[in-house]
Amino acid sequence: MPGTPPTRFVYLGPEGTFAEQALRTVPAAEHGDRTPARSVGEALDAVRAGEADAALVPLENSIGGAVGVTLDELAEGDPLVITREVVLPVEFVLAGRSGVTPGAVRSVAAHPQASTQCRGWLRDHLPDATVVDVLSNGAAAAGAASGEYDAAVCAPIGATRHRLTVFADKIADHPDAVTRFALVSRPGPPPPSTGDDLTSLAVYIAHDRVGALLSVLMELAVRGVNLTRIESRPTGEALGRYVFFLDCTGHVADVRLGEALRGLRRVCADVRFLGSYPRHRWSTAAGDRPTPAPAGLSDADWADAAAWLARLRAGELS
Amino acid sequence: MPGTPPTRFVYLGPEGTFAEQALRTVPAAEHGDRTPARSVGEALDAVRAGEADAALVPLENSIGGAVGVTLDELAEGDPLVITREVVLPVEFVLAGRSGVTPGAVRSVAAHPQASTQCRGWLRDHLPDATVVDVLSNGAAAAGAASGEYDAAVCAPIGATRHRLTVFADKIADHPDAVTRFALVSRPGPPPPSTGDDLTSLAVYIAHDRVGALLSVLMELAVRGVNLTRIESRPTGEALGRYVFFLDCTGHVADVRLGEALRGLRRVCADVRFLGSYPRHRWSTAAGDRPTPAPAGLSDADWADAAAWLARLRAGELS
Amino acid sequence: MPGTPPTRFVYLGPEGTFAEQALRTVPAAEHGDRTPARSVGEALDAVRAGEADAALVPLENSIGGAVGVTLDELAEGDPLVITREVVLPVEFVLAGRSGVTPGAVRSVAAHPQASTQCRGWLRDHLPDATVVDVLSNGAAAAGAASGEYDAAVCAPIGATRHRLTVFADKIADHPDAVTRFALVSRPGPPPPSTGDDLTSLAVYIAHDRVGALLSVLMELAVRGVNLTRIESRPTGEALGRYVFFLDCTGHVADVRLGEALRGLRRVCADVRFLGSYPRHRWSTAAGDRPTPAPAGLSDADWADAAAWLARLRAGELS
Amino acid sequence: MPGTPPTRFVYLGPEGTFAEQALRTVPAAEHGDRTPARSVGEALDAVRAGEADAALVPLENSIGGAVGVTLDELAEGDPLVITREVVLPVEFVLAGRSGVTPGAVRSVAAHPQASTQCRGWLRDHLPDATVVDVLSNGAAAAGAASGEYDAAVCAPIGATRHRLTVFADKIADHPDAVTRFALVSRPGPPPPSTGDDLTSLAVYIAHDRVGALLSVLMELAVRGVNLTRIESRPTGEALGRYVFFLDCTGHVADVRLGEALRGLRRVCADVRFLGSYPRHRWSTAAGDRPTPAPAGLSDADWADAAAWLARLRAGELS
């Protein structure tokens, strides 16, 4: 029921990965059910089927980029909406069973993306160890716990779950790496506008021509709507046919974003609304702060223009 | 009173010029008072002062271009609005007193713009006559009637009023020349939208930069609003400071033009609304016909987009 | 012959008007022949026919706007180019024969545009005098000199030529009013680029649609070329068919303007080049100063980009 | 040495994957050395170090989208250029050891992306089999060959290499799925322009604002350059900082693309050229055919405009 806080949560598993860690930052989830899913698709389908109220899935990583499967799953099937974003620092640790001494590590289990992000550290500190690819950060921790490997590159929560000893923490080469997750629900009234929101869209353009994408950007620009992200994904029909995933500043309830959305609806082959939600304040970097609206694009300017038009239509010009 | 048809009309005099002829095509004027004014400013001030209900003044000529004084007078002072446009073929005649034989014409009175438009004809048919500049078409006819000149280049109505004999008609070099007049009133509810209307605006931009004018055109383009005319006029402050007079397709009551107007209000230093009125069907040339709205810009597209946005805001996505 | 300074000058007459005054600010003209012409067309045709080397004609007035006849004459017939602009303060004087006392002035001759510009002064100082329209500022002075009228509103040079006494000077309501004149010659290599030049163009667009004008402005904007002026003029074919007169910052020899011109050539139905010439520094107002090129649009940026492209094409990427 | 055909090739291994199959479509590779690399980074580094002349790596898949690691590796480190694209149909087969009967298959090894692409087929034909994730298509085939799994979802070449029996071919749900590979070399003169080429770029914009991306698209649009692909990738600095990978129609040696590249160089924070190469004709779909240049954007239009500008600069206007 719209408005009822979700109590049954599903997340991209297995247990002990960053997704579980992210979900635990959501207050309602701390006291609700938390069930791991084997894939993003399974997590989202559980929400679609009503077996869960909300799913926590990864959207993008500051090193690895978009999580394509999440975007694809959101763009297809029954509509779902993002109601919250969670941005989590990606802190990798090197961990192993108690009894293993760090100096004796010869084999390290790691998900390929994790070993990529820790490449410099591994080369400097474990130049002679063999890094073995495994299928998830959770599987790496499990492999170290079972003794199959001497150590694992994994999330702190993975070390905790599998009772591993942390040999070194913050071993990623980019100390500021983060992963952005989305909490996804069945459609319902969006959370209220906070004045610093994002709106996610999947936009299909009729032709893969620069002119068509230019039209999309013009619809946003004339309403002073900024893009914080644009991703293209193939539509699966043919190479060269794309769907664009846009994150825009503003909320569907805002006048200016509403007008921009109507514009996109008209000029695009299709637009799927993926939710309006408060922006996560993940950084104090200047570029991430909401910037004051440029001249003519503040809420007051929109109200003034609407009032002026109403006067024109009533014939009141003086 | 808004809605009351005007009965007291003023027009750019003197009597016997094209403006009077244009006014007589307005049904209500045929039975109302029709008073000539000595200048465009005097005509418009009579309306502003309530001494007349409507003024008929020239806006532009297909040969001579914009009538700057009319634009300036509309852009300054108390607001006035155009409620109707009248497009009149400019048919010049050569006329003189009865008794004068065309072959004996040695002096021809003409307003400079009139003699310019008939230059080819005068050179071919009256190569030896002296063309004398006078201050209006009406003054030319009066001068021929008084015997000061042998003949006049004037409007048909001028020949009639001054009881002149028409020696030759349709003597303009461009047979299709027309003048466009505006019927101007005090502000009130605009005439109803007909589906083929024009809206006139005076737009001030903050800087004389290409970027500022580009912004104005983008506001129109993204709403599918066409320009049928753009004129720049100096603002009187300094060279390089302009006001732009725009004629746009659409009516202030139309959704799409309303949105474009609100956009202009926001991005421009100032916008003065100069009226919405039915388009005069002056020509059957293809380019002058209303063209079907491009994809995404029909009224149905606007209604569909608005309904879609309402559904999004209500959380109804399926 | 290109490169030979002009010695035979023609200007829009009669003698004693602002055009003559403007011509005398051109050094070469001070020692050359200076012949008045009866019209702008006659002046330009004298240059086309080789009877004069250069013509001085009015382009626009800060109060009255563009001088349409000049624009039309430049856009049609054999090509001519502007080689210099002259901007002259428009200082009107009230002058009369010696012996007339200002307090006794009952009739004032004035060109309609002149009386418009001095309307406030005349109303305040000569409320009871009759203002009589005449056909030029020179004709006003001549009428006062002959005694037909008690006084004239005219240019200072007109008072001097007709030996009139100046009763009052600087009587225009806008003290900063200026007229901009062009010195026009037969085509030849343009004067050298000075770093602060203007280029004038007549641009025909295929359709009178906002999209076509938008394309023109985009060609300029992406090359950082500013518009200092845009005028539309009817083409004489039909209402709604226009030629646009543009004044752009830059010189035809400049890389960036050259690229923009090539772009206009491609997207416009026709482009007529009307000359590149040094910008007249008529004002110290901030907006009239050449502004520093925005990021990416300086000459150094263009040179850097060209060198980079040359390296790419040679396969030198390191 | 530029111009010398490559003879030593490296490709994304292991043997028996689509990358090897793609490499064998390159004529020179058929007779040269072909060495598998363990990762895209290793393959590209071998070229950078001079140990190989060219590397064949995947760029994007019509189902899975961009191969992020390839884009990232091309954007960083010593410059490399794409000299050829290869587009390969992605045909998955189900294969197993001889002796295994298809009806007895209980476990299937598959790379997660492969099982995703064959999900429908697997559900319909092997509803009771367990699908086990492995790290590559080659590893799946190897696992079936070793008897660890009953069958594998793999590439045809993988079945051949591991002497597996093909139980079913073309089992992908999207029969038209393709993967696009790039042949990458050290910088050198690009292959000659063919009239139907693509140019790949990595473009960094100063701010993640819609206005900045709009500027990039405008630089392309005014030169009639189409985008066939746009991908954003995080720069690794922070979320919200992206590099855009663009594939544009045209060749670096083409006049129009050269001008667009110079424009991008000026307006972007940085542009990395990733090569110009002939377009692979992978499809007969209408949208993939080179479309005739729009009005004003053909090579002839560019030549005409350049010649016109040269005449203007020489003062030859007639």
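Every chain is named by a letter (A, B, C and D) in the order it is written, and numbering of its residues begins at 1.
Operating definition for what follows: a contact is a pair of C-beta atoms (placed from the backbone, for glycine too) under 8 Å apart; a residue touches a chain by one contact, two chains touch by 3 or more.
Labels paired with UniProt names: A, B, C, D = Prephenate dehydratase.
Only a predicted model underlies this, so the values are computations on that prediction, with no experimental measurement involved.
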Touch-network distance, chain B (Prephenate dehydratase) to chain D (Prephenate dehydratase), counted in steps: 2
Euclidean distance of C-alpha centroids - chain A (Prephenate dehydratase) vs chain D (Prephenate dehydratase), Å: 26
Cα-centroid distance, chain A (Prephenate dehydratase) relative to chain B (Prephenate dehydratase), in whole angstrom: 57
Chain centre separation in whole Å, for chain C (Prephenate dehydratase) relative to chain A (Prephenate dehydratase) (CA means): 59
Of all residues in chain D (Prephenate dehydratase), the ones touching two or more other chains: 218, 221
Contact graph of the chains (line, ring, star, complete, other): ring
Pairs of chains found to touch, sorted by chain label: A-B, A-D, B-C, C-D
Touch list for chain A (Prephenate dehydratase) against partner chain B (Prephenate dehydratase), complex: 2, 78-79, 81, 187-190, 215, 218-219, 221-222, 252-253, 258-259, 261-263, 265-267, 273, 295-297, 301-302, 304-306, 308-309, 312-318
Residue ranges of chain A (Prephenate dehydratase) in contact with chain D (Prephenate dehydratase) within the complex: 60-66, 68-69, 87, 112, 116, 133, 135, 174, 176-178, 180, 207-211, 213-214, 217-218, 220-221, 225-234, 236-242, 282-283, 285, 287-288
